[in-house]
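Shared between the two complexes below is subunit A, which has subunit B as its partner in the first and subunit C in the second.
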Partner chain A sequence: MTDFLSNVRIRSGNQMVAEGALRAGCKFFAGYPITPASGIYKTMIDMLPGKGGVALSAPDEISALAYCVGASLRGQKAMTATSGPGWALMTETVQYALMTETPVVIAMVQRLGPSTGGATQNAQGDVLLVENCTSGGYTIPVFTPSNPVECYELTHLAFTWSELLRTPVVVMLDKEVGMTSEDVDYMRIHDLTTLSRQRIAQSGNGSNGNVDTYYFEHPEDVPSFVPVGGKIKTTVTGSAHNKAGRLQKNSPETLEVLYHLQKKIDANANQMELVKRDVEDGARTLIVSYGITARTAREAVRRIRKNAEKVSWLNVLSLFPVPENKLRNSLHGIERIVIPEENFGGQYRSVIETLFDDQDIVGVNKIGSMITPDEIIAEVV
Partner chain B sequence: MPQQYETYLVDGVKFPFCKGCGHTHSVRHLDKALAILQRDPTGINLVSDIGCIGLVDALFSGIHTVHTTHGRSTAFGVGIELADGILHDSDLKTIVILGDGGATIGLLHIVHAALLNVDVTVIVCNNYLYGMTGGQHSAFTPYDMVTTTTPSGNIIPPMDICSVAQSCEAGFVARTLATDKNLAGVLAKAIEYPGFALVEIMEICPEYGLKHGGIDGKKLKESIKEQNKPLGILVNRQDRTEFSVQYNNSIDTEAYERLKKKNEFTIKKEYTSSLERQAGVVIAGTAGERVQLSSYLLLNAAIASGLHATQKNDNPVTQGSGFSISEVILNQDEVYYTGIESPDYVVITSNDGLREITANGLLSRCTDETILLVDASLNIEGVKGRIKKLPLRKTFGADRAAVGGLGVCVGGAGIVPRDAFEREIEKRFREEGKKIISKIYELTDAKFFSENA
Partner chain C sequence: MTKEMLNEEIIFAGFGGQGVLSMGMVLAYAGMIEKREVCWMPSYGPEMRGGTANCIVIVSEESISSPIVTTFDTAVVLNQPSLDKFESAVRKDGILIYDSTNIINPPTREDITIVPIAASTEAVKMENKRIMNMIVLGSLLGVKPVVAVESVIEALRKVLPERHHKLLPLNEKAIRRGIELAQADSAVEAE
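For the complex of A and B:
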């Protein structure tokens, strides 16, 4: 039953991504239509200009993300939304954002691939495509909501980490999460604190009174942001560079910058860990899930417990960096980890397997239609 | 007396380009153009591309420089300028500089910038080839020119970027030689122009264009003539409004207020549902016949009855033809699993819908308890469940059959309180809604539903 003191609206996950972005102070959105992500584009077009922001169409996904990165370089919080085929076009610019330490949020609503695949069919097949999109293998933070409230909160959180770390962050949905509408009680949204990138102090930072666009003292530090177009000169580049933003080949300082891009994320990985847990004493199986299958898994758990049997459940909300500590802390007495995913290879499972090689890890995998609760139950001991 | 800027180049600048390269001329002229304009350096933003010309950012001092990826320079520049123009109201001037290779791979970005008329100046340094990667031909290479990738001479006509810009309503378009003494003045005009401006600078690349293609200064002029490419300021329109001005003027505050109000509509719990266990309802019909709308009405009614409910729709990739399927799940508790394993209620209004839920396996998952309300015109066989044939299309009309059929189902089976669903029908269909409701009563066979319960 919904609460007496409730504030209930009908919302899809896509709409809540847009609303979460607005709540985070997103001021710029450039979009390109693609099923199943178009709902985000439409909601931003409807709402952002009324809030004093810019929402506009781009002629392709490459431009959409490049416009967002440009707007962020100017100092504005920016987001775009796409699905697998659009993501394929964006990866060049995702890397540019990473290299230039430009905050930007990309909402990625998965559909069935490969190629144009099935526009209206669900899948969770882009997990590794998104995470492994950079030359060099840098960590792209990825958040995976499974319902509209999480869509709102995790998009807000994606902005927070993107701003604090100055790096591109992905909110990854799947078609079922993005396009299913349901009752959403706004009273259930947590209090959220909005944070923004640290801006440069007027006095500058670098050597001899100059401001180095990418200045940091320790490799894990995040440089203070200097907006392009402000009163302090910026030197932005997507090529290997020193702290001043000057193209350099293999100088010790350039290599330091390249390590720094990953170290700043590693240093915050513990803090970024986010899971929802329902651990039961005496359970021997832990179901690890994310996105829409987290809901399927939760239904499986409901049924298993109704039968007076024990099982534990963990919903990964911060897919990358992998929430290793929180996962490890959930393994007490666990003999088997079941990972349902709507992809055929078990993409997240392949990542988890490398971390917990002493565990019995099995997948429930399927493409073309939703995994059912009973299919998960069949793998639970 | 404000500071005078004689040059914006770094002290003792050393050009990284080969001897005689057109890029050196172009960059010097760009510097002179900036000196003509006498802007504060931080009021200038130079966005560069990949290729030999991409080395330009390190040659300037004091101005913002953004070195980007190949061909995307224009798109990044547009992003910066959109945010600057609309959200900052500063008078930053963004200049994009790229080669003919960058203009080839990033053509759409130039096209869109011109269409938007965003305040960006794009300088295309056209030396007919890709210098940095070894003299390969580009989309700008003239007929017959020998490059490292056209050893028998180029057989593809060269692109005319000025014509492209012009056809995209660019407000300012010019083409000059890199050695033209008026180039600085032309560039200054382009940068000053309040909107999109494009300048194509015709250059030679001594390293490849001259060595392989024989393009020296004289040949360059001849080839421009052969290509029928006029020189000089080709377009200077006063009739276009710069994009940020147009964008800000276009904002209809009242329209956004209305959208906001509509969006903030909340549903109050005004009914009580006696639903005992989760129910899965499927409506299958034809696109354009209000299938998804009718299940949306059910969703509203369910939530107004204090239930949790989900709705999802399916249709072919085209939106307005073929089947339309909608699934609604209702529960007193939170709905976790959003799929329907075995449907409790199925309303089928057309052959499109019947075919689809047969093909996707949903019909085969019906159980003996499933209630199916099926339009009288349809043949349905070998399906489990209690089937009731009703003249839905005949009674309600094609585009009201879904809402009518669902009304019969809701009312008869008591999925949600009758009043709650009827209120939604009246809200949506006004006067006509009353007629729909009375027809729903006529078609509801209480005995069928009570036998089932």
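For the complex of A and C:
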């Protein structure tokens, strides 16, 4: 029994986001407490200093993310955690991180909006707010776990992609995923390989022996990293710039940099696709879900099959870039796609609708209380 | 009797500060100690204190697909608003346990087992009002042994920070008292 208990613990999604970050080598955390994300803040403040890192309580969310960007520009892996109201304050710095190609992970635990909304109520209403937060419409990679183990693994993965692509990555939970605790068997967590950004060891890629901070050969390449404040001089700016990091208006090189910010993500979109697929031969309906509604969907699927009826199900773990290939490969024989979401407009559905013409795409949408398995079953043919 | 897979879905509900969330967590831990799949989902208002709070606990032999449940095998309620809200959410033949000390309108359903426990009064007798939640948890075990008492006591050791471990004997006493009260109550009903 002692052996068993040393591997199995009760953990919330929030705690597992923090543990996943530590596993990925996160060395800096700054946050401002906010329900329902405070569990991440608390766990990082409790654990990170003991692992040789720095965990700070910032005066507000603007500072929290800005501190993280600063730490990352010095070469440390950094994360913050917030909810919708905090995200609203962070969007300027999310864009700064994107423009300056600074890896940073933001754990975003959704609650009911708009504004300060319902602090302790679940919602999935920030999907498009998060994805479309940049001027210019750049892709922000978003991962959506639905249980504590996925919180751990996807936070780790968010660090990997953030480091490899040098871009901000979001792990998006909702209140129920973040605050629900479940038994976690640590022996069943996948082996994870930790990767870090490519660094420049010495000066010389740019003119005059300096480093071109944003040098790339092909637009889809990711520039190698030079820490600010080190021996090699490097320039970081959120304004439009050339590969050397110098402010320029719309020179061909500056435009190339702006295209590159998106192309490096597009070029890796296939590899980022992550879904859990449970496809049944002969099913005519495919349920597509993410976050807490993936749990409800799973129960709906269980009940439908118990009645000897057929249904297919896709739990989307990489919400953006949209896992288009994996979705398309699940559509054989499918006439109807059902997308349950705890928002009233069907935010992810509005994205999926633009991709597929041959299927009826319907939503199960609700705010203020949780979608039940029966409400999903009612839409399945 | 056919042997069914254990899958117990329980709601604990009351005011913030009554120990509603922690008593659910203790049960979840005990389930984990018995190698069950467990899930603990808290729900409360934005108030710092005095609001209503509840948690849903699932203890199952199978992997738990959804933590979201709208009807329950058992409801454990500690105040009138929660009783009003959750009496109807108990499944037919289910169990409703409540602290009868502060209830003005008692439950009326006849298709469920209703177990009133004067837990707050009993806690005062035991000279620690805060032990009330453990008396009620004991009553639950007395009516329906979802997990063994020993597992709950081991769970307490894990849930309580070490600086509070001096309170373990009192908590254990409260749990055992709750079991006695529940069983005495059932005995009366059987007569």
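Quick note on the criterion: the second predicted complex is superposed on the first by the 370 of 381 C-alpha atoms of A that agree within 3 Å, B and C clash if a C-alpha of one lies under 4 Å from a C-alpha of the other, contacts with A are read in each partner's own complex, and residues count from 1 in each chain.
Note that in this section a residue touches a chain if its C-beta (ideal position, glycine included) is under 8 Å from a C-beta of that chain, and two chains touch if they have at least 3 such contacts.
This one's a predicted model, so the numbers in the text were calculated from it and none came from an experiment.
Overlaying the two complexes via subunit A brings subunit B and subunit C into a clash.
Once the two complexes are laid over each other on the shared chain, residue contacts for A:I189 go to neither subunit B nor subunit C.
Residue contacts after overlaying the shared chain place A:G70 against subunit B, while subunit C stays out of touching range. When the shared chain is aligned, subunit B comes close enough to touch A:T235, but subunit C does not. With both complexes superposed, B is the one of subunit B and subunit C in contact with more subunit A residues.
Once chain A of one complex is fitted onto chain A of the other, the partner contacts of A:I62 are limited to subunit B, with no touch recorded for subunit C. Of the two partner chains placed by the overlay, subunit B and subunit C both lie in contact with A:M179. Of the two partner chains placed around the shared chain by superposition, subunit B and subunit C are both touched by A:M370.
In the superposed model, A:V288 lies in contact with neither subunit B nor subunit C.
Taking chain A as the common frame, subunit B overlaps subunit C at a single listed stretch, which among 20-28, 56-64, 74-82 or 290-298 is 290-298.
With the contact threshold set out at the top, residues 1, 4, 8-10, 35, 119-120, 176, 179-183, 292, 295-296, 298-299, 302, 370, 372-373 of subunit A are in contact with subunit B in one structure and with subunit C in the other. Of all residues in subunit A, those touching subunit C in their complex are 1, 4-5, 8-10, 35, 118-120, 176, 179-183, 292, 295-296, 298-299, 302, 370-373. Put simply, subunit B touches subunit A in their complex at residues 41-42, 45, 57-58, 62-69, 72, 75-84, 86-88, 90, 92, 108-109, 111-112, 247, 251, 253, 256-257, 259-260, 263-269, 296, 299-300, 303, 306-315, 317, 332, 335-339, 341, 360-361.
Subunit C makes touch with subunit A in their complex at residues 25, 28-29, 31-33, 35-46, 64-68, 70.
Partner subunit B is touched in their complex by these residues of subunit A: 1-2, 4, 6-10, 27-28, 30, 35, 46-47, 49-50, 52-54, 56, 58-60, 62-63, 66-76, 78, 92-93, 96, 119-120, 176, 179-183, 228-239, 245-247, 292, 295-296, 298-299, 302, 369-370, 372-374.
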